[in-house]
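One chain, subunit A, links the two complexes that follow: it is found with subunit B in the first and with subunit C in the second.
Showing the complex of A and B:
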């Protein structure tokens, strides 16, 4: 018996464990339909295709009748399939550094290789864009990424250039972004061959807000003990919130998922058998190690119950009565756009809301903008909140930046530290 | 020969460079110890070193109440009654000697780690070197090989140097390449040996979080005291060394498992160690 086993012996009486979430079958179906609707190039597509960054103006694109493709989702698929490292060298050979976003390098590399995991949905390639629309609220790399495809396919690349590191989001900030969104409309109308209908935009924003509210409710079920699903589950179940924002299909899915999660809460069914410790994940997922990390934490009876990453698809400011400005505000209220102080206040709120024992920070080698370990935050937050923090070095897609053995050792030591504190009655 | 009725426990630290074992009596004093190079087949090494420590202690394995295991390959000892991380075992081992709160720096073959130890001897938290610096102790063995000297001679060379040549990379592999470059460019063996030690000290200083008293342990501290000197210089504060620093983790594992033993009743020791 090790100290972790001793610290948790006898805990969690009455908890049941059931890792399989039934809604996963419907999730696969919803995602498959989304991909298949793009069809093959030359199929005589029913709708133009717009590529959009993950928190770009997707509602506007849907209102104009575009099918919306999110290359970051494709990058995550390459990471999860553990094929990213095969493709990245091809992008490096084009002069794109190994130190920049590995979503970008793996996606461009896959394009150069003529391969895609979308082949399992009948697509031989990512859908060819008619226009690419970015928002730099998350990073510069998304624009560079889209520019590469813009040159390749000779199609317009337009977008919103956002301020960063905002302490508060002012009306002036919102006005500036709203004006930029309005300036996108003429180009998008020309590509779509139609005029923007205000009612359709309001409806897309309404659906997006409903999806956001449902997704938030799903995530919030993990505030209960035992948590019915974990961060690792949520990274998979967030698919519709990412790619079908502004579409009814996403809302339909989250109504089903929420009902199941609430049922699990009612029956005290936890994702982790006999949940003993609860953690918060800050930073990007390590897509190629989701399963092994989930297994590692589960082995220590530890549930990673919440994350900044999955919360980033909650857009509580969307308002169908004021679509453009509310889209602008939503894009600026995001965690990634905010200052260190605002980020720390947010994480502190989450730590209380989800009642976690510690925070795991992922120092994502190629994603500095979504890494919050490099200016002292883990130490400051640990001292302020009185809970331990752990920094795992890794990457969203580039597994050369991740060491299984070092990470296992660090996680084990961290959980053992929590167990020691519990055994000695130390509470925060 | 010790009294047959004595209750003894053993700790085994299965590291990447060396495998260590310590046998302790029920009052926590060390009866015997042994260290062997790790040779890849960890289970055989672990049992071999345990047998050697038992022999040194003049204790039969049947008289052991329990075995604690720690280190890189701690799970290769199926007979262990407890496994615990290096950080927690080093904290217990160092506290056994010093008996006060400290910042403990464990410098081993694979990893260096800063461990805060509280007034009860408990590990409060710990933080390791950045990923690229993993293997920093192993790197010294690499350097010795390329200087065509033994590890003890590497230490003698470093101690004789007035200053080291820069070996500046964050990465143990790149640092190894830098060693070859310095040799090609005509640097003396002493300067290169000292540069390697300085390089390791820099990686440890980067971890930060040092509070007085600062205490060092681990295999690198045992065999390469010049690393401790360089670290002390960079940290700007005195660095104390745990007696028999290479055995700190094994000692901690033995003391932890001893404190857990149901038949053990060494009051103060049991209070002190979970």
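Showing the complex of A and C:
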């Protein structure tokens, strides 16, 4: 047995081969039900439709009876289906730059092309909104995206304008956002044709919090060795947390998923056979290369066990006893809203929690706000934590910004570095 | 005599090196990679064997590296070019080192500690600027063979700048300068200066700086400009163009860990860093 085999023998002992997560079948069912509920646009819908940014005030919309559609989820579907590059030029032609969010340009391009991957759920188009509700806590682009649809459908575009780069979240910050959320209510009530019921709002917040807790517990199972699922799996299984928070269906799904993941932990079933290295992923997924990257890392016996991205749907501050203010605080405590220092402290906690050997940063070409490579963070964190960091250049949807060959060499070289360090006894 | 071979299947050229157990270079070769990477690897290997006056049966192990490392079917293992350039450089020059490898399609900066252990690496962005392709584009615009670019640059008397980030835009900028009556000699040197500025922006350069790769081997003016820009001596080891292949041969000799999906796991001993036979440029 050579040194690396010795170094990893303890981890490898008793591992089972990778097996598919059974809950994936239920996931497909839950997601299909969610999409089918929108029905055909404009045809006898039982409830108005609100579009919401991924970390916008979804609970408020659910409490008012809206069916809530998340276009970022649609953008991710276009990326994962590798159709985004077909649609983006249509949006570029409208004056939307190739350098701005490729979710935005793929989604608008798909709309202009009259195509959608939702067709597999019986929808011929994305559900037509009655109102669009944004929160700029993640970026400016979501607002510009919604404004395009607002003009197209002549419907109101309202939202919350959040501060950015917060070192700490103060009560004053929370008050300012809470006030903006309250100001949304009259417009939303008018569109919904109903008054906001405080009990329904509290219930939506309670369900969101439960969903968040369950999702967090699912993610945390990957702190065990071997990790029962990876970042690449989690980007798929996070679907209900994104589109169904505030609804019981999401909680139901995560109870099932959590039970299965805990079972895998108990049986030492790893997502990566004979897991030798563990990494943290910082930044957006590269949707069109999820499978190939997952296969690449698996081939190197490397499990990408945790990520900022999947953690971003953990809203630990939601409190049904104080719905509006807790929604406001949750929207500001998010990683993406925080300063470099706060982000570094967060990643340092995750590195310890998940006991990783290195960090992979994705420099996402069209998503500067969810890219943390551009102000020296990889170098600072690597030096501070004593672990190597790797920067992969790519994009969330625009595959022209990604080089398969260069990325493969980058990743393989990084794993060589980890392997050599382990062999030579260099520890962090 | 026990011999080892390394094949560096690069995007433009495939290089092969034969070494003995003491890492003495017995034979080398450089052939065009073309579209048939496997065929180029076989040709390069055969040429290096002929150059070393030995046959394949006398080779204990062959390891591959480079862009086409997975295409070398007869290799016993592979390491990335990040490893092999670092490994090769560390054989000749004691660390800590910063190794700059400038190839046809990419540029890399590899930081090694005193024992030759890799600390980090950086690759150029998905862009030709800062690579050999940039120089080829410039030579094309100047209407000269790439082999003549350095001879042209050494005659430069005026300091010109190509400020564009993009190779295509730099080509256009070059045409503007030609229209303005600027001399080809000064434009050739400006191209090297532009390449150097891209490379020095890739990392922090502390410790001894070593340069390897085909561009380094054939463009000494670029190396001098690099030295001037970094305010430090640039060490060029023997066989800079074949350094990746040499590193692969060392990996074969040392039984490094082949981490690739197709690679077995062999014991690893890092190459002791010594400082022999290096060429220094400043």
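Going forward, the second predicted complex is superposed on the first by the 415 of 428 C-alpha atoms of A that agree within 3 Å, B and C clash if a C-alpha of one lies under 4 Å from a C-alpha of the other, contacts with A are read in each partner's own complex, and residues count from 1 in each chain.
Just so we're on the same page, a residue touches a chain if its C-beta (ideal position, glycine included) is under 8 Å from a C-beta of that chain, and two chains touch if they have at least 3 such contacts.
Quick caveat: nothing in here was measured; it's all calculated off a predicted structure.
Enquirer: If subunit A is used to align the two complexes, do subunit B and subunit C fit next to each other or clash?
Expert: clash
Enquirer: Between subunit B (first) and subunit C (second), which, if any, makes contact with A:410: first, second, both or neither?
Expert: both
Enquirer: Quick one: is A:290 in contact with subunit B, with subunit C, with both, or with neither? Answer first, second, both or neither.
Expert: In the superposition, A:290 touches no partner, neither subunit B nor subunit C.
Enquirer: Examine A:318 and indicate which partner it touches, taking first as subunit B and second as subunit C; both and neither are also allowed.
Expert: neither
Enquirer: A:356 contacts which: subunit B (first), subunit C (second), both, neither?
Expert: In the superposition, A:356 touches no partner, neither subunit B nor subunit C.
Enquirer: Can you tell me whether subunit B or subunit C touches more residues on subunit A?
Expert: In the superposed model, C touches more residues of subunit A.
Enquirer: Tell me which partner A:139 touches in the superposition: subunit B (first), subunit C (second), both or neither.
Expert: In the superposition, A:139 contacts neither subunit B nor subunit C.
Enquirer: For A:249, decide between first (touching subunit B), second (touching subunit C), both and neither.
Expert: neither
Enquirer: Touch check for A:304: first (subunit B), second (subunit C), both, or neither?
Expert: After superposition on chain A, A:304 lies in contact with neither partner.
Enquirer: Have a look at where A:393 lands relative to subunit B and subunit C in the superposition and call it first, second, both or neither.
Expert: both
Enquirer: What is the shared patch of subunit A, the residues that subunit B and subunit C both contact?
Expert: Of subunit A, residues 2-3, 382, 388, 391, 393, 401-403, 405-406, 409-410, 412-413, 416-417, 420, 423-424 contact subunit B in one complex and subunit C in the other.
Enquirer: Per the contact definition, I'd like the list of subunit B residues that touch subunit A in the complex.
Expert: Counting only subunit B, the residues touching subunit A are 72, 81-88, 111, 120, 122-128, 130-131, 134, 209, 260, 274.
Enquirer: Which of the residues in subunit A come into contact with subunit B in the complex?
Expert: So the residues of subunit A touching subunit B come out as 1-3, 6, 379, 382, 388, 391, 393, 401-403, 405-406, 409-410, 412-413, 416-417, 420, 423-424.
Enquirer: Which residues, counting only subunit A, touch subunit C once they are in their complex?
Expert: It is residues 2-5, 299-300, 382, 388-389, 391, 393, 401-403, 405-406, 409-410, 412-417, 419-421, 423-424, 426 of subunit A that touch subunit C.
Enquirer: Across the complex, what residues on subunit C touch subunit A?
Expert: My answer: residues 67, 79-83, 106, 115, 117-123, 125-126, 256-257, 259-261, 265-268, 270.
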